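Multiple structures are listed underneath, in C-alpha cells.
In the two complexes below, chain A is the common chain; its partner is chain B in one and chain C in the other.
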Partner chain A sequence: MTMLTRRRLLQTGAGAGLMLAGASRMAMGQARTLNVTAYGGVWETTIRSCFVAPFEAKTGAKATVSLGSPAQWLAQVEASPAKPPLDVLIMTPDLAITAAQADRMQDFTVEKIPNLAKIPRQFTDACLGKGTYFDYGVAGITYNKKTVPNPPKSFAEFVDRVAAGDFVASVPSITYAVTPIMLIWAMAQALGGSVENVDPFFDAMKKMKKNLLFWSGPNDFFNHLASGEADLGIYFDGRTWNHYDEGATWIDFVNPKEGGALAAVAIQIPKNADPLAFAYLNEVLDAQNQTRFAEVMNYAVTNEDVVYSAKLKPRITPWQQAAFPPYEKIAAVRNGWVDRWNREIGR
Partner chain B sequence: MARANASRFRFNPPGWFLLLPAVLFLIAFFVLPLVDDGLRSIRADDGSLTLARYVAILSDRFYLGVIVETVALSSAVTVICVLIGYPVAYHLVRRAGCWSALIVFLLIAPLLTSIIMRTFGWQVLFARRGLINTLLVQDLGLLEQPLRILNTPGLAIAALVHVLVPFMVLSIAAVLQGIDQRLEEGAQVLGASRWRTFVEITLPLSLDGIGTGAILVFMIANGSFVTLALLGGGFQTLPLFIFQQFNTTRDFGMASTMSTVLLVIAMACLYLQLRLVRRQGI
Partner chain C sequence: MGGFLLSLFVVAFFAFMLAPIVVVVVISFTSAGYAAFPIPGWSLRWFYRIWEYPPFVDAMITSVQVAVLATVLSCVLAIPAALYLTRARSGWADGVTTFLLSPLSVPMIVIGFSSLFFLTWIGIGISFTALVITHTVACLPYVLRTVTAVHRAVPPAYEEAAAILGAGRWATFREVTLPLIRPGIAAGALFSFLTSFDNLPISFFFGSAQTNTLPVVMLSYIENQFDPSIAALSTLQLLLAVICLLAADRIYGIEKMTVAA
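Let's look at the complex of A and B:
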C-alpha cells in the first residue's frame, strides 16, 4: 500500500501542473489566438457577432476581445512594442494619427486587406495609410421633442437660443476624449473660426455659460435629457437612435446646417502584431459584416457596397454632409485648447 | 525513523519570513509603480532629467489654485463628515440600544451599491424635472420654477459626504465604544453638567476616532474622481486633471507630475493630522 506523504503529494501536484501546462501549449499551437479590442456593452456583443464569429469560422483561429478605451490600448502597445498585447486597435481618429506618426502601426494596403479597396481613400489617408475608418457618426444636436418642439437648425442658432435662455444645453466636458474635435473645432468652424482661431467657440461658451451643463460620458448625456436637467445638447446621431429604439421615442437628432463633426472610429494594427490581424481586418471591412454591424449599432459604416435598410437609411448622415475634421492639424494644437478650456471654462 | 527524518528537515521560518508575501506584493504593486511614476514625472521627452513640469505646476497661479481647491474641498468634506458623523456615532453607541444593528446596517448599506449608481441616484433626485423639483413645483405648488440643484458645488459636496460619512461614523463609534462610561458618570457625580462632561471627558477621549476618521475621509476625498466627474459642481481638482492628462491630452509626464504632487499633499496632510491628534495626548 502506498502511503500518501507530503513529498509525494507535492511531486504529484508538480507533475500534474506540468502536464496541464504542456496540454494548454499544445492547444495554443493548434489554434492561434488573436487579441482584438472593443468598447463595452452592445459594441462588444456586436463586434463578436459581426466580425469575430466570421473571422473564426474562416480561419479556424480564435479571437479574444479586450474591453477598454483607445488611450488605454495605445498605452499598452507603447509599453510593449516588440510584443504588443493587442493585435487590433479601435482608435479615435486623432489617436490613430498620433500612433501612425510615432511609427507604431502597420501600413494598410489592398494586398494585405482586399476589402480595403471598398473603403473611401480619404478614410485611409486620414490615418496616414496606417489604419482606416470602419464606422462613423456625426456629432450634432440631439434634443427632447417634448421640451424643444422647434429645435435649432444650426450651431449658430443653438448658441443664440441657449444664450438667450430658451433651453438648457448639455455639451461634452473636456474630460471626454473627443471634445476638442466634436465641440471645440466643430463649433469654432461653424461660427467662422478655424483650427488656428478657436476664439468664436470660447466666446460662444461664455455667452451660453448660465444655461450649460457638461456630460462626462454618453450615458451621462442621456441622463441629463431623460431627467429633464437639459433640453438638448451636442451628441452623436447613432447613439440618439439607439436610445430611440430602446424606448426613448421623445428623442430626436438634427445635423446642423454647417455640418456636425464626423465622429469616426479608426482601426489599426500595431507593428509586430500577429499577421492574422489582417484577416480579421478584412472581415471588419467586409460589406455583409458591416451591414449587420450598422443595423445593430445605428451608425454608418464605410464599405461603399453596403446597402442600408429602409429603417436605417434615413437615420444615416452621409459623411460628405458632415464636417471632416483636420485631425492632424487639431492634434498639433489640441493640448493648448484643453489648457485654455481649463482656464476659461472650468470643467 | 521516518519521524526522526521529518523533524530533522522541519522548516522553521523566522518571523520576518511570514511578512515576505505581503512585502513582495507591496513592492511589486505599490512601491515600484510609485517609483516609476516619480521617474516619469522628471524624465523629459528626450530622456534627460528635468523638473520643468513641477516648476510649471508650482509656478502657475492657475495650477496652484487647483491644488488649493483640491485640499479645500477635501478639508470641507472632512469637517462636514465630523459634524454629521459624531452625533450619529454617539447616538449609535450610547442611545440606540437594540436599534444599533439597524443603524449600522443603514450606514453600511450604501457602501454595498456601486458609487456610480449612487451618483446617478443624485441626478434622478435633484434634476430639474427630478423627484424633488416635481414635488416642489407640480405636486405641492411651492415653487414656480424648478430649483437648479444639480451641478452645483453644494450637491457635489453633499454626494461626497454621503459616500464618506460611514467611514467617519464607524471610526468614531469604535473609539466611543471603548471609553469607560464610569469616567463620565464620575464627572457628573462630582457636579459636572452633561455638556461639560462631554467637552472635558468624552470628546478628548474620542479624538483618536475623529483623527482616524478624518484621515480616512480626507484621503479618499482627496483622490475622489467619479463623484466630481459626474456631478460636477464646477470643482477643478487634481484627480480630474490627472484623468484629463491621460485621456484627452495623453501627456503622461504631466499626469505623473500631478499624481506625485497629489501624493505629497496627501502625505503632508496625513502628517499634520497625525501630529494634531498626538498633540492631544491620545
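Let's look at the complex of A and C:
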C-alpha cells in the first residue's frame, strides 16, 4: 500500500496544478491567433522558424505572418486604432518614432517583456519607450576588391579619393527612404557637420559629382558594382555579406572610422493589440532565438547575451562603433534636406 | 536618306523601349544567385523558386481572383452606364461620365489610402471584399471608356431599326448592340484585368496574411532579398500580358480594340 506522505501530496498537488494551468493556458492560447508582420523572402521564413515557432510551442496560440512594409502596416493600424488588424509591427526607426509620438503604440517594460532587460536601453529609448530595436546593420563603404585593393578607411578619405577620380562611387539617391540618414546625416557628421549643419555633406557631393552614380534600390547598387560601372559606394554591411554568400565573393565592406550610420529594425505593439503580443515579443528578444536569426540574416541582433559564430562575428559591426542617428531631430529637418538635395543635386 | 534615318530612329526607339524588358527576361534565366547582367549561365532555378515559396503562389492566386472579380464587376457596372451615357442628351450625363472616369486622374495611392480608411469606417475593413471593391473602382473607367468609344461610333439608326422591326430592348442589346460593342468590352476587360493584376498602390493598403497580392509580396520580398526570382515573376507577368493580348487579337483583332481604347 502506498503511503500518502505530506511531500507526495504536495508534489501531486503541484503537478496537477501545473497541468491544469498549462492546459488552461493552452486552451486559452488555442483560441487565439496573433497577427505579426515580416518582410518577404528569407526574412519571413526566418521569422517563422526563429520566433513564431517557439512562440506557438510555448503558448499554444497561432501566429499569422503578414508580409508587407512598415508604412502599409502603420496606415492599417491608423485606420483602425480601436481594433488594430495587426498585433506586432516591424518598423523603420523613424516611423517607430512617428507612431510613438502619435500615441498609437504600447509602452515596453521589463515586467511585460522580461527579455527587454537584455536589450541596451538606448534601443528602447530611441523608440521613446514604445518599442525597441531587435536587429541592425551599419551603412558603410562596400567595395569591389578587384578594382579597389586599398579601400578608403573613412568618409573623409572616401570623399577625397572619389573627388580625385580614383574611383566611381555609387550612393543612394534621394528616392531611397533612408538616404537622409545613411548618407546626408552620416557624411555631414563625419565631415564636421551636424543635424543643424549639413553644409559639409553638400560641399562633399559637389566635389565628387563627376564620379558619382546614384542607386534607388539595393539591387541597383549591386548592379553598379557587378557591372563595373562603380567601384565602391555607401551600402549596408548585412546586405554586402548576403551578396558574398550568394557567390559575389569579390565584394567587401568597411565601417568608416567615423562610424557608419546605424540602420536598425524596430518592433512595436499597437495599442489595443492582443496582450499575447508581449509573449511573442519576448521570443523575438530571446538570446537563443536572436542568435539563430542573426546567423541566417547576416545582421547583428540586440540581445547582449547573443554570441555570434566564428563566421558571423567578424562581419558584425558592434553598434557602439556605429553612429547612432538622432532620428527625432532628423525628422524635424528632413524635408528641408530633401528640398536642398533636389535643388543642388537633383537626382 | 530621310527614309533611312526614319528607319534608324524607329529601330533605336524600339531598342530603347525593349532593352530593359529583355534584360529582366534574360536575368530571370540566370544561374547566379544574384541579379546581374550579363548572366554567367542559364538556369530555370528562379522559376522553381516561385513555386517553392508559398507566399508567391498564394499571392498569385489572390491576384488572379481579384483581377477576375474586379473585371467582371467593372463590366457589369460600366457597360450599362456606357450604353446609357453615350445616348443621353442631358447635360448631367457629361458630369456623370467625368465622375466615373475620375479614378483615372486621381493617384492610385490616394484611392488606396482613402479607401482603407473609408472601408474600415463602414466595417468592411482589410478583407478580400475590400480589395475587390477598391480594384473595381480603379478598373471601371477602362471599361467605361472603351465601351463608350465603340458605342459612340455605332449609328443609333441600327438600334432604332431593330426596335422598328419589333425587337425589344433586351433583344436589341443582345442581337445588335452587343456584337458591335464587343471589341470595346474586350479591350476594357483586358486593360481592367491587367491594371488590377499589376496594381500595387491600392493592394498595398489592403495587404494581410490572407489578402496579399503578388505586387505587394514582391515589394516586401525585395526589401531584404536580392535573388532573381523577382525577375522570374516579372517574366511570368509579362508572359500573361502577352498571352492575353494574343488571345484578344485572335478573337477580336487588336486594331479594333486599339481604336476602342
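Heads up, the rule we're going with is that the second predicted complex is superposed on the first by the 316 of 347 C-alpha atoms of A that agree within 3 Å, B and C clash if a C-alpha of one lies under 4 Å from a C-alpha of the other, contacts with A are read in each partner's own complex, and residues count from 1 in each chain.
To be clear about the criterion, a residue touches a chain if its C-beta (ideal position, glycine included) is under 8 Å from a C-beta of that chain, and two chains touch if they have at least 3 such contacts.
Fair warning: this is a prediction, and the values are worked out from it, not measured in the lab.
Asks: Could you classify chain B and chain C on chain A, in the superposed arrangement, as clash or fit?
Replies: After superposition on chain A, which the two structures share, chain B runs into chain C.
Asks: Would you check which partner chain A:172 touches, where first means chain B only, second means chain C only, and both and neither mean what they say?
Replies: neither
Asks: With both complexes overlaid on chain A, does A:346 touch chain B (first), chain C (second), both or neither?
Replies: Only chain B is touched by A:346; chain C is not.
Asks: With the two structures laid over each other on chain A, which partner does A:131 touch: chain B (first), chain C (second), both, or neither?
Replies: In the superposition, A:131 touches no partner, neither chain B nor chain C.
Asks: Would you check which partner chain A:239 touches, where first means chain B only, second means chain C only, and both and neither mean what they say?
Replies: In the superposition, A:239 touches chain C alone.
Asks: Quick check for you: in the superposed arrangement, does A:69 touch first (chain B), second (chain C), both or neither?
Replies: Touch status of A:69: both partners.
Asks: Touch check for A:180: first (chain B), second (chain C), both, or neither?
Replies: After superposing on A, A:180 lies in contact with chain B but is clear of chain C.
Asks: Would you check which partner chain A:39 touches, where first means chain B only, second means chain C only, and both and neither mean what they say?
Replies: It touches chain C, and chain B stays clear.
Asks: A:227 in the overlay: touching chain B, chain C, both, or neither? Say first, second, both or neither.
Replies: After superposing on A, A:227 lies in contact with both chain B and chain C.
Asks: Once the two complexes are overlaid on A, one stretch of chain B runs into chain C. Is it 6-14, 24-32, 42-50 or 96-104?
Replies: The segment of chain B occupying space taken by chain C is 24-32.
Asks: Please write out, lowest number first, the residues of chain A touched by both chain B and chain C across the two complexes.
Replies: Chain A residues touching both partners: 69, 75, 223, 227.
Asks: Considering only the defined contacts, which chain C positions touch chain A in the complex?
Replies: 32-37, 53, 55, 113, 116-117, 120-121, 125-126, 204-205, 207-210, 212, 216-227
Asks: Mind listing the chain A positions that touch chain C in their complex?
Replies: Within the complex, chain A contacts chain C at residues 35, 38-44, 64-69, 72, 75-76, 78-80, 85, 217-219, 222-223, 226-227, 239, 242-243, 246-248, 297.
Asks: Mind listing the chain B positions that touch chain A in their complex?
Replies: 62, 120, 123-124, 127-130, 150-151, 229-230, 232, 234-236, 240-241, 243-244, 246-252
Asks: So in the complex, which bits of chain A are touching chain B?
Replies: Within the complex, chain A touches chain B at residues 69, 71, 74-75, 95, 98, 168, 173-177, 179-180, 213-214, 216, 220, 223-224, 227-229, 334-335, 338, 342-343, 346-347.
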